[in-house]
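Two complexes are shown next, each including chain A; its partner changes from chain B in the first to chain C in the second.
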Partner chain A sequence: MARPVHPHAMTPSRPGRTRTAPPQAPSGWYAQPRMLRYLLFDATGIVYLLVGFVALRVVWALGTGPERWQELQRQLANPLYVAFHALALICVVFVAVRFFSLFPKSQPAHIGPAKPPPQPLILAGLYAAWIAVTAVVVLILAGGIF
Partner chain B sequence: MSEQKKTFVITRFDPDKDQAPRQQSYEVPVQPDWKVLDALNYIKDELDGSLSHRWSCRMAVCGSCGMMVNGKPSLTCKDAVADYGNRLEIAPLANFPIVRDLVVELEGFLEKLKSVKPYIVRAKERALAEGTHRQSPEQLEEFKQFSYCINCMLCYSACPVVANEPEFLGPAAIALGHRYNMDSRDQGQAQRNQVFRGEGTVFSCSYANECSEVCPKHVDPAAAVNQAKFNAVIDWLTGFVVSREGK
Partner chain C sequence: MRHLLLRLEPIIWLLFGQGILIGTILLTGWILVVGLGVPIGIVPADALSFERAHALGASLLGRLFLLALLVLPLWKGAHHVRSLSIDFGGVNRDPLVATLMYAIAGFGSLLAIVAVVRL
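On to the complex of A and B.
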């Protein structure tokens, strides 16, 4: 079965002599695993927006004073907040893995005379950078640096 | 070879009679080595001569026989009937206006294709006496993959942006434009990049990567579109310091 798409999708600038039926797409298209993953990838934007609001709350609490800051810390320890941040972490990992898999082939063939390294090397570099940044953040949070 | 009966549910649309597309079922005795196109030709020849569908080469070269098979874009001369179950739903390519049955309107696609100047543009043609434009294997390698496109339009059927943004140039047209931009003999990059920077072009692509997943020739249009994004930006930036006269 089919569902309608944009009525002007792939229509010519001037209509032909024959009447055409409007463009359509399979009804189950967006439920297919690949498309579902793509939609989930897009939907993670909502989670990042909410994380942004939480970050704003943190900054506001810091500026208001120690009592407000301690109260916010208590709120952030709530299991719902912890679950939300666990979800945000899963989203970040999911988007990073997807981005890393698509990034190497998006590189131009050359920039001036310089050519990009082979795609597996770019991919390895991305994961290495990710691990390095994560290690630095963990060290900062654990008090190892600063 | 033993034949097996399979049900083909085919989208039918007669512009003179039907208000909207409808479905019609056919029982087809398929041979084990049949492609989906063989079954459609059997229906046309033996069961219902009024069925309309496009095909030509039967060897995945001409790109004429693209259709939706069980909801997925497919080159019907390439995909075997044996790879599907006992029921196959055949529909015209998604995201295209339907002319008749499984035949879609191509004019919109051809307009998009023309807009990227899919040919070698030279600022000044060289004289025949000067000989051919020579190209090294390394220079050829930069665009060879993108020149394998057979314009089957499966990528347009798979693209979620094409379904929602009518002005989007689409994967095949951008990949072809990018193919010529990467060609060492071509001098039309500035003209094509101007098109690429316009409304509904490379930056409308949200990198779903579906076009590359369904491409029967492994052209990887998603890579071409995203490389074209980078080149269009670089071209725009260099335009501030380098004169484009003659290009």
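On to the complex of A and C.
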């Protein structure tokens, strides 16, 4: 019967004959440029969590009524909130650029007889979708359309 | 707990992946207008007057947009914070951290559903 695979399933049940030191990361591993970019990508998760809960506050206030909505608009104009959203924008752009560069490489070579489009085409599609959706969202929210 | 997390992994990865892709795509415009444009004064405040914002948010498309915007970044955030914890703290405390982070994301998601429904 199928059951979940344990992440350490491939670990030998008994230690091998040859004594080996436990794996260790080199000192200062996190400061290497490649690792630093990887860790920053992970660290954007903190900002995403916070921005998600701030957005939740915004929508909650919208459902509560006009007075709460006006109060929240005043709070969002606080420089701390503005600085946080500026940081969030930097994080979002960083995540998009990094993820979009990785996405074409992570596609399977083929699914049955179908092959994915060339990598530059996938990349162009992702950027086009990002820019188009952002433009539409900005136009709608800013009152340009509707 | 570790086995439960492994069972839930396909769902978590789906939400996490969509949090990166859809969450990022939707968040950009939201932050530009709601987080920066209106508070700084680049966008007129009337654009997000209560009546207009409520009419936009309470429409079917508006609700779907808000639901994705609220829920998906939470799962992206939770999974990446878990990953960060493994990078710096190892796997020993991972079941605890993972449970905590996904509980926060799950709780936030439930609140998000309520917030969108009550519009």
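The working rule: the second predicted complex is superposed on the first by the 130 of 146 C-alpha atoms of A that agree within 3 Å, B and C clash if a C-alpha of one lies under 4 Å from a C-alpha of the other, contacts with A are read in each partner's own complex, and residues count from 1 in each chain.
As a convention for this text, a contact is a pair of C-beta atoms (placed from the backbone, for glycine too) under 8 Å apart; a residue touches a chain by one contact, two chains touch by 3 or more.
Bear in mind the structure is a predicted one, so any value in this text is a computation, not a measurement.
Colleague: Regarding the shared-chain residue A:L56, is it in contact with chain B (first), chain C (second), both, or neither?
Modeller: Only chain C is touched by A:L56; chain B is not.
Colleague: After the superposition on A, what does A:T134 contact: first (chain B), second (chain C), both or neither?
Modeller: Second partner only.
Colleague: Under the stated touch criterion, name the partner, chain B or chain C, that contacts more residues in chain A.
Modeller: Here the partner covering more residues of chain A is C.
Colleague: Check whether A:G28 is in contact with chain B, with chain C, with both or with neither, and answer first, second, both or neither.
Modeller: First partner only.
Colleague: In the overlaid three-chain picture, which partner chain does A:L121 touch, first (chain B) or second (chain C), both, or neither?
Modeller: Neither chain B nor chain C is touched by A:L121.
Colleague: With both complexes superposed on chain A, which partner does A:L40 reach: first (chain B), second (chain C), both or neither?
Modeller: Touch partners of A:L40: none, neither chain B nor chain C.
Colleague: Check chain A for residues that touch chain B in one structure and chain C in the other, and list them.
Modeller: On chain A, the residues that contact chain B in one structure and chain C in the other are 5-6, 42.
Colleague: Looking at the complex, which residues from chain C come into contact with chain A?
Modeller: Chain C reaches chain A through residues 2-3, 6-7, 19-21, 23-40, 43-48, 50, 52-54, 56-57, 65-66, 69-71, 73-74, 76-81, 83-84, 87-88, 91, 104-105, 108, 111-112, 115-116, 118-119.
Colleague: Where on chain B is chain A touching in the complex?
Modeller: Against chain A, chain B makes touches at 11, 13, 15, 18, 20-21, 68, 71-72, 91, 94-100, 104-105, 107-109, 111, 142-143, 156-157, 160, 162-166, 170, 182, 206-210, 213, 220, 222-223, 226-227, 229-231, 234.
Colleague: Give every residue of chain A touching chain B within the complex, in rising order.
Modeller: Result: residues 2, 5-6, 8-13, 16, 18-29, 32, 34-35, 38, 42, 102, 105-111 of chain A touch chain B.
Colleague: Using the touch definition from the top, list the residues of chain A that touch chain C in their complex.
Modeller: 4-7, 30, 39, 41-56, 58-60, 62-63, 65-66, 69-70, 73, 76-78, 81-82, 84-86, 88-89, 92-93, 95-96, 99, 103, 129-130, 133-138, 140-143, 146
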